[in-house]
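Each of the next two complexes has subunit A plus one other chain: subunit B in the first, subunit C in the second.
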Partner chain A sequence: MSSSVSSEATWVPRKRRGAELVLTVMAVGLAIFAYCAVGLGAEGRVPAGVVGLSVTLIAVAVAANLLIRRFAPYADPVLLPLVLCLNGLGLAMIYRIDLGYEERRDSWASLAPNQLMWTALGLVAFAIVLLVIRDHRRLQTLTYSFGLAAVVLLILPLVPGIGENIRGARIWISLGPFSFQPGEAAKICLAIFFAGYLAEKREALALAGRRVIGIDLPRGRDLGPIIAAWLVSIGVLVLQRDLGSSLLFFGLFVVLLFIATERPGWIFVGGLLFVLGAWFGYLQFGHVRARFDVWLHPFDNPDQNFQVISALYGLAHGGLLGRGWGQGSPEITPFGYSDFIAASMGEELGLTGLMAILLIYGLIVERGLRISLTCRDAFGKLLAAGLAISLALQVFVVIGGVTRLIPLTGLTTPFLSQGGSSIVMNWAIIAILLRISDQTRRPAPAVQTVGEDEATQVVKL
Partner chain B sequence: MNTPIRRLAVACLVLFVALMGNATYVQYVQAGDLNAKSNNKRVIDDEYARERGAILVGGEPVAESVPSDDQFEFLRTYPNGPLYAHLTGFFSYTYGRSAIEDTENPLLSGSDNRLFVNRVVDLIANKQPKGGSVELTIDGAGQQTAAAALAALPPGTKGSVVALDPTTGAVLTMVSQPSYDPNALASHDFPAVNQAWQTLNDDPANPLLNRATQEIQPPGSTFKLVTASAALETLDLNPGSVVQGGSELAFPGIEYTLPNSGGGNCGGDQITLERALNVSCNVSFGSLATQIGQGALDEQAAKFGFGDRVIESIASNASRFTTEGTELELPQLAQTGIGQYEVAATPLQMAMVAAGIANDGVVMQPYVVQTVRDPSLRVLDDAGDGEEYSTALTPDHATMMQQMMISTVQSGTASSARINGVEVGGKTGTAQRGNGLPNLAWFASFATSGDQQVAVAVMVESAEATDDISGGRLAGPIARSVMEALLAP
Partner chain C sequence: MSELTLTLIKLGFLAVLWIFVLSAVSVIRTDIFGTKAPETPEARVAPRTARPTPKPKAAKTRRPQRGKASLLYVVDGPNAGQSVPLGDQPILLGRGTDAAIRLDDDYVSTRHARFATNGAEWFVEDVGSTNGTFIGSQRVTSPVAITLGVQVRMGKTIVELRK
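Entry: the complex of A and B
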C-alpha cells in the first residue's frame, strides 16, 4: 500500500497538449479537405472562400487548444480532435446537401452558413463551460436545481405560444427568430441531476431494501424518484410524441442506477419497464405502431416510407467505398442533413466512411468511460459515465434507426446533424467531460503528513 | 463502481459492433438487391450520367446516347424512333424502360458482370464507365419496307409484320403499327414526357403495344397450316389424300353447321388435302380437326410455340390454342381447326409456323439480339446460328406442307404473294372476331431464293368494319414486298 501511494505521488500524467494540437489540426484539415472535395465533386471547382474558412477554422482549433492548455491542462487529449473531426465532416455534408438542393429546387435557404454559426456558438459554449466550471464537483451542489431545470425544459415545448409542433413531435420552442430543442439541454441537466442524486443516495439504494425473487429491491422512499424519472420518460413519449428522447432519458437513468448501486437487478427492472412502456406505446399510439411497421416492412408502402427506403437505397448505392464527396444523391432523402445524415455519409463515403464515423463515436464513448473509470469521486464517475453512455445510446438509436437495425426514432446525430441546439449542447457535454478528465488526471495535491488517527479514515477511491 | 462501468463499456462495444455489422449488411450484403429495385432513383440517375451503349441495326445506331448540356450528361436518342420503337423500347427517367432497353439494361448501362474489367479500368483511369452495345438481328431494308407497306394502308389501320430467318430463328423484321416515338419519352423535358406518356396511354389504338408479340388475335385460316400439319403427322395423310369437302360441315344431333367462307363448296364433296389448303376449305379442316382430336391438335400447336412466350428479350404474350382447361365440343373443335373459337396467336407465332415448315419441320427459337459487345467492341456474346425450339414435323411431312403452301401461292388463295423467280409458299387467313369488330387479314408465308430463306407473317386490322377484308388481298402484297426486300441481294 505504502509503496503504491508513493509511486502515485511521484507519477505525473503527461498532458499531451502538443499531440492534441497535431490531431486537432489534422481533424480540421480533414474537414477542409472534405469541404473542397464537395465543391470539386458537385460543381467541379474548389468552393469560393475556402482559404478564409480554413484560416478561421485552424485559428479556432488552435484557440480551443490554447484554452485547454490554460484552463484544463490535464484534460484528455483525444476528445477535442475527435469531436472537431465529426463536426467538420457534418458541416461538409450539410454544405454538400445545400448544393444538391440548389441544383434541384428553385429556392433553398442554405443550411451550412447557419450550421457554421452554430458551431461557433458551440465552441463558445465549450469555452464558457470550461471557464465557468472550474471543478465539476461544484455541479453536485446544484443537483436538485438541475433536476428542476430539466423538468422545466421538458415542459417548455408544451406551453402554448412558445411551443411548436414540428413533424408530429412537440419538442421545439421558438423565441423570436430562433427555434430551440430544449430536450438537448434537458439531457445534460438530467445527467447532472441523476449523477448528483445517485451519488448521494447510492448506499441507501444499494443496501436498504427487500429481496424479491432473487432481485434486491430498494425501499419505497428511495424508489420514488426512480418511478418519477420513468414517468417523466413516459410523459415525454405521450405528450411530446418523442420516442427517441424518451428512450434516451430512461436508458440514461437505468444505466446510472446500475453503476451507482452495482446491482444488475436494475438493468432487469429497467428492461422490464422499458418493455412495458414500449408495449404500452405500441398499443396506444398510432405513430409508434407506424414506426414498427416501417421498420419491419418498409417496401410494403414505398410512397409513405419513402424516407427510410431512400436512405437504404443511398447506403446501398454508396457500397463499400461510397460515391465520393458531392457525387452521390443524398439530397433525395428527406432530412438527409439532419436525422438521416448518417445515411448521407454512408452514401458518399461508403461503408468505409460510415465505419470510420462509427469508430470516432466509439472512441469518444471509450474516452468518456475511461474518464469515468479513473475519476475519483462518485459524482464525477456517474456524470462522465452518464454522458458517455447517453452519447452511445443516442448514436445507436439514431444510426440504428437510419440503417434499419431498430425502428426509427427522431434523434439528432451528435455533432453531425444540422441543428443548433444539438451542436451547442453536445459541445457543452464535451467541455464537461474534459473538465472531469482534467480533474482526474491532474496530479494529486501534495499529501500532507497525517497523524495516526487520520490514517484510519480510509477514503474510498 | 468500476465493475458496472466496465460491463457497460462492453455493452457499448456490443452496440457499436451491431451498428457496424448492420451497416455492412445493408451496404455490402443487401446492396445488390437494393440497387436492383426498379424505383431506385439513384441507380437511374447514375445510368443517366453514363454513356449508355448503342442498340445497332446493320451497324447503324437505332438508339444511342449523345452528350447533353442540361441536368444530365447524356440524352438517349432514337435516330429512327418510330420504326424501331417496339424493339428498342424507351429509356425514360420517369417511366422506366421497355423492350431491349430494359432486358439488356445491365449491359447497355455498363453494370453487367461481363463488363467488370472495363469498370475497374475506368475506375483507375477516373473515367465514367461506358455501356456495351447490342446488335439486333433486324434487317433495316425489310423493316423499312414492312413499315412503309403498313403505312400505305388506309389511315387508322393497325397491323404487324414479322419476318424470321427459318434456319436460325433470327427476327429479320418486326413492325407494329401504330408505333410511337421513344424520343418523346426519353426527353429530359419532364412535363413534356408526362404529356407524351399520357397521350400514348389514352390513345385507343394503344401505340405502346407491340402487336407483333403482345397482341393475340384469332389467326383464322392461317391456323389451317397447324391443322394440316397435325393431319399429316397423326392421321398419316398426304397431300393427295381425299378429305371431306362440300359446302357445309354438319354435326350429328346438333343443328349448327360450319359453312365455307363465301358459301362455296370447295370444288366437290371429296377433294384432296392439297386442294383443301389451296382453297382454304373450312369444311375439310373442320372435319380434319374433329378426326385429329383436341389433344393431338393442341400438341401440334404447342410444337409450333402455342402456349409459350416464345421470345425473351421483348415483351410478349403466349399464343393460345384454347383457354386453360377448355373441353371442346365437336363444333368448337371444328372451329378451332380453322383458327376460330378460342385460338389466338401473335404474328410472331404465325411466322414461327411458316418458318418451322420452311425449315424442314424444325422450329427455331426466335431471337432479336445477335451480338453484344463491350465498349471496346470486343464480342461478349453472339447468338450464332440460333437454338432449336422444337421439331414440329418430320422432314417428309414438312416437304409436303411446303409443296401445298407453294401451290396455294401458285394457284390458290395466296396468289398475291407470287414473286418471279422465287419459290414462295403461303397461306391466307381472314379471321372473324365478332362483336362488330372488323375482320382481321392474315398472311403466313415463306420464300426460298438460292440458299436464302425467309418466313413472313402479316396481320392487318382495318379501321372500319367492311366485308372487304381478306388475307390474300390485304396482307399478301405486304408479305410479298417484305420477302422481296429481305431476299434482295
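Entry: the complex of A and C
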C-alpha cells in the first residue's frame, strides 16, 4: 500500500492483553488487600471469608480475561481491570459495614456474601452479552424493540402486584423471592434506543433555526423528540418519585442529541427544559422540595437530615488520608453501603482514596468516549458515548449528592454500591463497550489479497 | 494490632491504589500518543486513525480493467440476468421492497448490502446481513472498494460491476 502512511507515527492495532493481565492482577490484589485490611483494622485479625472472596474474585477475573482473549481479542485493555478494582473496593466496604452493624445490632443479615454472589452473576451477564452480541451493529436493527422494552421496564414497577414501593420510590419489582430494579436495565435499553434513533434522524435534527447570542437554536418543529423525552422523565418523576433516574434519562438524551448533531443549541434547549422541570417539581412535590431543603440547609433539621449530616461528618472525619480500613465508623450513616458508599469510602480512605476512585470512574468514562471516537459507524459511536455518559452522569449525580454539591437523588454508585440489579447491568454495559471497542480496534481484514490484487483495497469511510 | 501497623496498612493501601491508577493511565498513554508503525507488511495493512490519504489515485492507474462501471449485474442466483444502472446514488440489495433489485434468495437478508460511490470508485458495504457478504472467501466487514468484474457473493446470489 502507500508508503506515505508508514512514515507517520500511526496508531497500530495492538491487543495489549498482557498489559490487561498485569492490571487485572493488581486490581484483584487490591481488592484482597482491602478485604484483609478491613478485618485487621476492625477486629485485629485476617477475616475468615478471605479465602472465599479471593477464590471468587480470582475466578471472575480469570474467566473475564479468558472470555476477552477468546471473543474480543482487540478490546480495550484497561476497562476490565478498572471495573474489577471498583467492584473489589465496593465488596470490602460492604464487608466493613457488615462488621460495623454486627457490633451495634444483634441481628444483621450480612450483605457482603450476597454482593459477592451478584458479582459472579454480573460476570455471567458480561459473558452472555459478549457471546450473544458479536457485532454491535446488529443492535441497530432492534432500535425500536429496545425503545419499547425500555418503556415496559419503566412501567413495570407501577403495575400493581409486582411493583413495590420501597422507601418512597416505586422503582422495584418483586417476583417471588427476587426483587429487581428494572430502571437499571431500562438505562441500557434507552441508550441503545437513543443511539439507533439519533443515528438515523440526526441529519434532520441538525438543521439550524434562529440564532441567538451566537448559538444556533434548533427549529421549532424539531423539538418533538426532546419534549417527548422530557415528558417521559417528568412521568418517571411524578409516578415513581425517582428523581435520580428522571435526571439520568433526560440528561442522557440531551447529551446524545448534542453529540449526534454537534449543535450546542440542543444543550441550551435541554438546560431550559431541565430548569423548567426542576422548578415544576419543586413547586408540586413535597419530596423534591425536601431534597432541596436538605441540600441548602441540612443543619436546620438535624433529626430529619441525619443521613446527609452524618455523611458530611464522616467525610470530615476521614480528612486527607482517611481513618484506614475498619477504623472509621461509616456504619453510622444510614445506607452507608449503597447510596452513601462514597461517604463511607471518604471516611476510611480519605480525600486521597476518594480522588483515586473518582479518577477510576473518570478513566472508565474516558475509555468509553475514546471507543466512541474511534468507532466508525454512527450507531456504535452514539452507543459507546451514551453508555459512557450514562455512567458519568450517574457518578456525578450520586457523589455530587452525597458531598452536597447538588441536591441528593437516589441512584446507585456504579460497581461500588450494594445492589444486584446495578452490579449485573453495569457489567453488561462494560461488555457492550468492550464489544464495540474490539470491533473498532481490530485490524481490517486484508481483502486486497483476493480477487483484484492491486485494485481492491480497504478504505476508511 | 499496633497503631503503627495499622497506619502502615492505611498508607500502603493508598499507595497501591494510586500505583494501580497510574499504571492504568500509562497503558492508556500509548493509545493517545500512538506507536510507530512497524515496518512489517501485515502491520502496514490498516493504520486506522490515520487520515485517509489519496490512495485510490495510485491504485487506479494500475487497474487491470479500465473504464467506468455503469451496471450492477446479477451473475448467478435466482435473479441471474437482472441488473441496475449505476448513478451517483447508493444502491441497496436485499429481499426487502426498498432494494434496487429484490433478490428472491432465501439466504439474503431484507437489507443485505449497499453499493456506494465516491465518484471515482464503487464500494460495497454489508448493512448488517445475517449470512454476510463475501468477496472471494473474505467476509466484508467494512466498506471495500470493488472494480469491474469483482464477484461479490451474498447468499446464493453473485453480483458484479459491468461496463
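FYI, the second predicted complex is superposed on the first by the 411 of 461 C-alpha atoms of A that agree within 3 Å, B and C clash if a C-alpha of one lies under 4 Å from a C-alpha of the other, contacts with A are read in each partner's own complex, and residues count from 1 in each chain.
The definition used in the following text is that contacts are C-beta pairs under 8 Å (C-beta built on N, C-alpha and C of every residue); 3 or more make two chains touch, one makes a residue touch a chain.
Treat the numbers as computed from the prediction; the structure is a model and nothing was measured.
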{"item": "Which of subunit B and subunit C A:366 touches, first, second, both or neither", "value": "both"}
{"item": "First (subunit B), second (subunit C), both or neither touched by A:183", "value": "neither"}
{"item": "Winner by number of subunit A residues touched, once subunit B and subunit C are compared", "value": "C"}
{"item": "Which superposed partner A:349 touches (first subunit B, second subunit C, both, neither)", "value": "second"}
{"item": "First, second, both or neither for A:135, with subunit B first and subunit C second", "value": "second"}
{"item": "Touched partner set for A:260, first subunit B, second subunit C, both or neither", "value": "first"}
{"item": "Partner chain in contact with A:251 - subunit B first, subunit C second, else both or neither", "value": "neither"}
{"item": "Which of subunit B and subunit C A:44 touches, first, second, both or neither", "value": "second"}
{"item": "Overlapping contact positions on subunit A, where the subunit C interface meets the subunit B interface", "value": "350, 366"}
{"item": "Residue ranges of subunit A in contact with subunit B within the complex", "value": "103, 255, 258-260, 262, 264, 299, 302, 310, 312-320, 328-329, 332, 346-347, 350-351, 354-355, 358, 361-362, 365-366, 369, 372-373, 378, 381-382, 385, 388-389, 392-393, 395-396, 399-400, 403-405"}
{"item": "Partner subunit A, residues of subunit C touching it in the complex", "value": "1, 5-7, 9-11, 13-14, 16-21, 23-25, 27-28, 30-31, 33-39, 42-50, 52-53, 55-56, 58-60, 62-64, 123, 125, 128, 135-147, 149-151"}
{"item": "Residues of subunit A touching subunit C in the complex", "value": "1-2, 4-6, 8-14, 16, 19, 22-23, 26-27, 29-30, 33-34, 37, 40-41, 44, 77-78, 81-82, 85, 135, 137-138, 140-141, 321-325, 327, 349-350, 352-353, 356, 359-360, 363, 366-367, 370, 374, 376, 440-441, 443-447, 450-452, 454-461"}
{"item": "Residues on subunit B engaged by subunit A in the complex (per definition of touch)", "value": "1-6, 8-9, 12-13, 15-16, 18-20, 22-24, 26-28, 30-35, 37, 39-43, 45-46, 71"}
